[in-house]
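Once you scroll down, you'll see the structures, which are given as structure tokens.
The two complexes that follow have subunit A in common; it is paired with subunit B in the first and with subunit C in the second.
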Partner chain A sequence: MSVARTAWLIARKDLRIEWKSRVITNQVVPFAGVTMVIFGFALDANTDVLELVAPGLVWLATMFSLLLLVQRNFSVEADDGALDAMRVAGVDARGIFFGKVIGLALQLLVLEVLLLFAAVVLYGETIRLDGAVLLVTTMISATCGLAAVGTLYGGLAAGSKGRETLLPLLTLPAVAPVLIGATRAVESALGTGVAELSDGWQWVSLLTVFAVAFGVGGSLAFGPLIDE
Partner chain B sequence: MPPDADAVVDLHDVVATLGQFPALSGATMRVETGEIVLLRGPNGAGKTTLLRLCAGLVPVVRGTALVLGHDLSVDRDRVRSHVGLLGHQNGLYADLTVIENVRFWAATVGATDAEVASAMERMGVADRLASVSVSKLSAGQKRRTALAGLVARRARLWLLDEPHAGLDQRARDDLDNTLREAAAAGATVLVASHELDRAESLATRMVDIVAGRAESGGSR
Partner chain C sequence: MTTLDPKTTDTADSAMSSRSTGTKATRAIGIAATFAMGWLVLFGLVLSPADVNQGESVRLLYIHVPTIWVAYLSFVVTAVASGMYLFTKKHSLGWDRLAGASAEIGVAFVGLTLLVGAMWGRLTWGVFWQWDARLTTTALLFVTYIGYLAVRRLGGSHEQRAKRSAVVGLLSVLLIPLVHWSVVIWRSLHQTASVLDTDGNIDMDGTMLFTLFIGVIAFSLLYLWLVMHRTRALAMEDMLEDRGLDIALAERRAEGGTR
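Here is the complex of A and B:
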């Protein structure tokens, strides 16, 4: 079976599991929403400040939610030994990696749209039409990078003792470039502060390079990692 | 003894370690097509390691290990697609239904819907159970669902670690019948079990694993 077909099989299975279990709608989305509200309280509900920092808060909430999604994504594999069973069955590790990246990325994209909406409602953020292409491109490239890192380290932590604490320790430092790049690019897209629209595209380039590097590197490293 | 390329499993003086611990220390064993071989031995003797080695999950440190004609030292990825390992876990997704689980495992080898239906029928998980979520199944029903996945995947070598654990009497009988049918249809079965009375009545041959070595335990 080709890598692409395997990836499609895994992604479809992951999305079906999430659709049935409703973990995203019942746990992750409320968690992300509460995080956004708490950020508001922490900044004293100052609308000027909140508008200024909204892009960063959206990506911070996304990253915290990423940890929940990755934990969930790999606990369904580890609970009854399904990941081991896939390796024994000779399922291509690159296909497993890309399938899980696709499933995770789609879940993250839905979450990011909701978080952006929350920023508009809670922080008074405005979305400019002329920045829409940059905004969408940023979300897609940043999401691919986050999903690749999350899947790689999720696979690594899945077989380890104390995986719940290991995953954030591994993942958060690795996704710091995405936090910085995506925040700057979204600031440009939304016209927050002094950011210019054209400034955002160089950050999108960085996000794309990051996503490709972790996508390619992750697909090569994933098999040996889960075999160990 | 030279390696036998026709044997399903042919191990010659195989050494394998788990970390620093020597789990197999010179195991030699040959298994032919259609056999049901019971691996006997105390805890820590190396039964599970031997099964996992045959599945390509434990590397061969020394010796020759051929499974389905492939040398595990150089070619273990090619072995994996023909092997079904059922250990202490079932490899099922609790949120999916029985048929969704079996379909998923069948799809990994491109099996058809007809093969899925046939496998589920053989394992007694078709009809009423097909649309039930795995999280709602009993231990025996989960085991049968996992076995349906192995059948649908057309595994040629079945590696079963304590397959009777957690099953009631009827489920054990069903499992034994299934294994006999699979062997009659050309599959080869290696079973590690502590439930010797039941497993000995199932097996066509016994192999004793003593301190990481395989010794002939006789035939039935």
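Here is the complex of A and C:
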């Protein structure tokens, strides 16, 4: 079976499980929503400040939710030893990696749209039409990077007990460039503060390079990391 | 199962036979490092002049600069050793232990750099921390390698540990340029006039430069001494684990035999 075919099957399987189990709608989305509300508490519900920092808070909430989603995505595999079974059956590790990345990326994208909507409602953020292309491009490239890093370290942390705590320690420093880049790019797209629309595109290039680097690096490293 | 046979853990046997991590070479390096440190203290605290702008706080840089140099050196060694473990045919655990020992020392020295840097920053800039590109990258480097060390302690066989940490070690190297690139454009975009001059504008006179040079030599020797001892200590730890397993197995077999 080709890598693309494996990836497609795994992504479809993951999304189908999520669709049926409703863990995302029942737990992850509410968690992300609560995060957005408590950011409001922490910043004293000051709408001037909130509007200014909204892009950063959206991405921060995305990253916290990423940790939950990754754990969820791998507990599905690890509980029945499915990862080991697939490896023993000779399934290409790159296929598993890309399948997981695609599944995770699609879930993240849905979440990001909801979080952006929450920022509009709760923080008084406005979305302008001329920044729409930049906004969508940023979201897609940032999400691919996040999904690649999340899957890579999720695979490492999956399996034996006591490893779940390792996931945030490995993931958060690794996605720091995405947090910086995606926040600035969304600031440009929304026109928050003094951000110019044209400034956003150099961040998109960073996010794309990040996604490609961890996509390629991850597909090579994933096999050795999950083989035990 | 290779772990059942202690002889397969290559270099460990030779280290074990002496029951010490010291050799003639480490002793010589240790003496040289002590001597160089003495010189550093003499030059750094007594012979070198105070800076025109920074005053006495400039002396902190004689630790700050050499420690970050050693930290970079140790992360380069970790990366190279990780690559050597993965891409050489023998997959020698010696490379893995060198990578681990070097990363431990690197983390300790980055921590020291940040600490000394914060003290220097408070005295010179008036603040402990500046969100400038170099500082931010260094802080992320620190956290990344703490993560690497955590991965090393995940358990499993020595070979599992070696492969896993070598892969994570190489991924960390992939991350460094991306982190650096992102913080460089971030800070250059958001540069405000109020930001203090991070170059510090050091008027380097000859004695100062020489003191810094001694510092780099002294700390490099210290690194060499530490990494040799630590690599051997890690080999001994691996040996101890293998032996412990052997003894436990022998005991169980003996129990079975007496019955």
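Definition applied: the second predicted complex is superposed on the first by the 225 of 228 C-alpha atoms of A that agree within 3 Å, B and C clash if a C-alpha of one lies under 4 Å from a C-alpha of the other, contacts with A are read in each partner's own complex, and residues count from 1 in each chain.
In this section, a contact is a pair of C-beta atoms (placed from the backbone, for glycine too) under 8 Å apart; a residue touches a chain by one contact, two chains touch by 3 or more.
Model, not experiment: these values are computed from the prediction.
Touch criterion met: A:20 reaches subunit B, while subunit C stays clear of it. Of the two partner chains placed by the overlay, only subunit B lies in contact with A:9; subunit C stays clear of it. In the superposition on chain A, A:132 makes contact with neither subunit B nor subunit C. In the superposed model, A:113 lies in contact with neither subunit B nor subunit C. Judged by the touch definition given at the top, the superposed model places A:121 against neither subunit B nor subunit C. In the superposed model, A:45 lies in contact with neither subunit B nor subunit C.
Applying the stated contact rule after C-alpha superposition, one finds that A:85 touches subunit B and leaves subunit C untouched. By the touch criterion defined above, A:37 lies against neither subunit B nor subunit C after alignment on the C-alpha atoms of chain A.
Shared-chain residue A:1: touches subunit B; no touch with subunit C.
Within the superposed three-chain arrangement, the count of touched residues of subunit A is higher for C, of the candidates subunit B and subunit C.
The interface of subunit A with subunit B overlaps its interface with subunit C at residues 227. Across the complex, subunit A meets subunit C through its residues 152, 156, 160, 163, 166, 169-170, 172-174, 176-177, 180-181, 184, 199, 202-203, 206, 209-210, 213-214, 217, 221, 224-225, 227-228.
Residue ranges on subunit C touching subunit A, taken from their complex, read 86, 140, 143-144, 146-147, 150-151, 154-156, 160, 163-164, 167-168, 170-171, 174-175, 178-179, 181-183, 185-186, 189.
Subunit B meets subunit A in the complex at residues 55-57, 77-85, 87-96, 100, 104-105, 107-110, 133, 153. On the subunit A side of its complex with subunit B, the touching residues are 1, 6, 9, 13, 16-17, 20-21, 76, 79-82, 84-91, 227.
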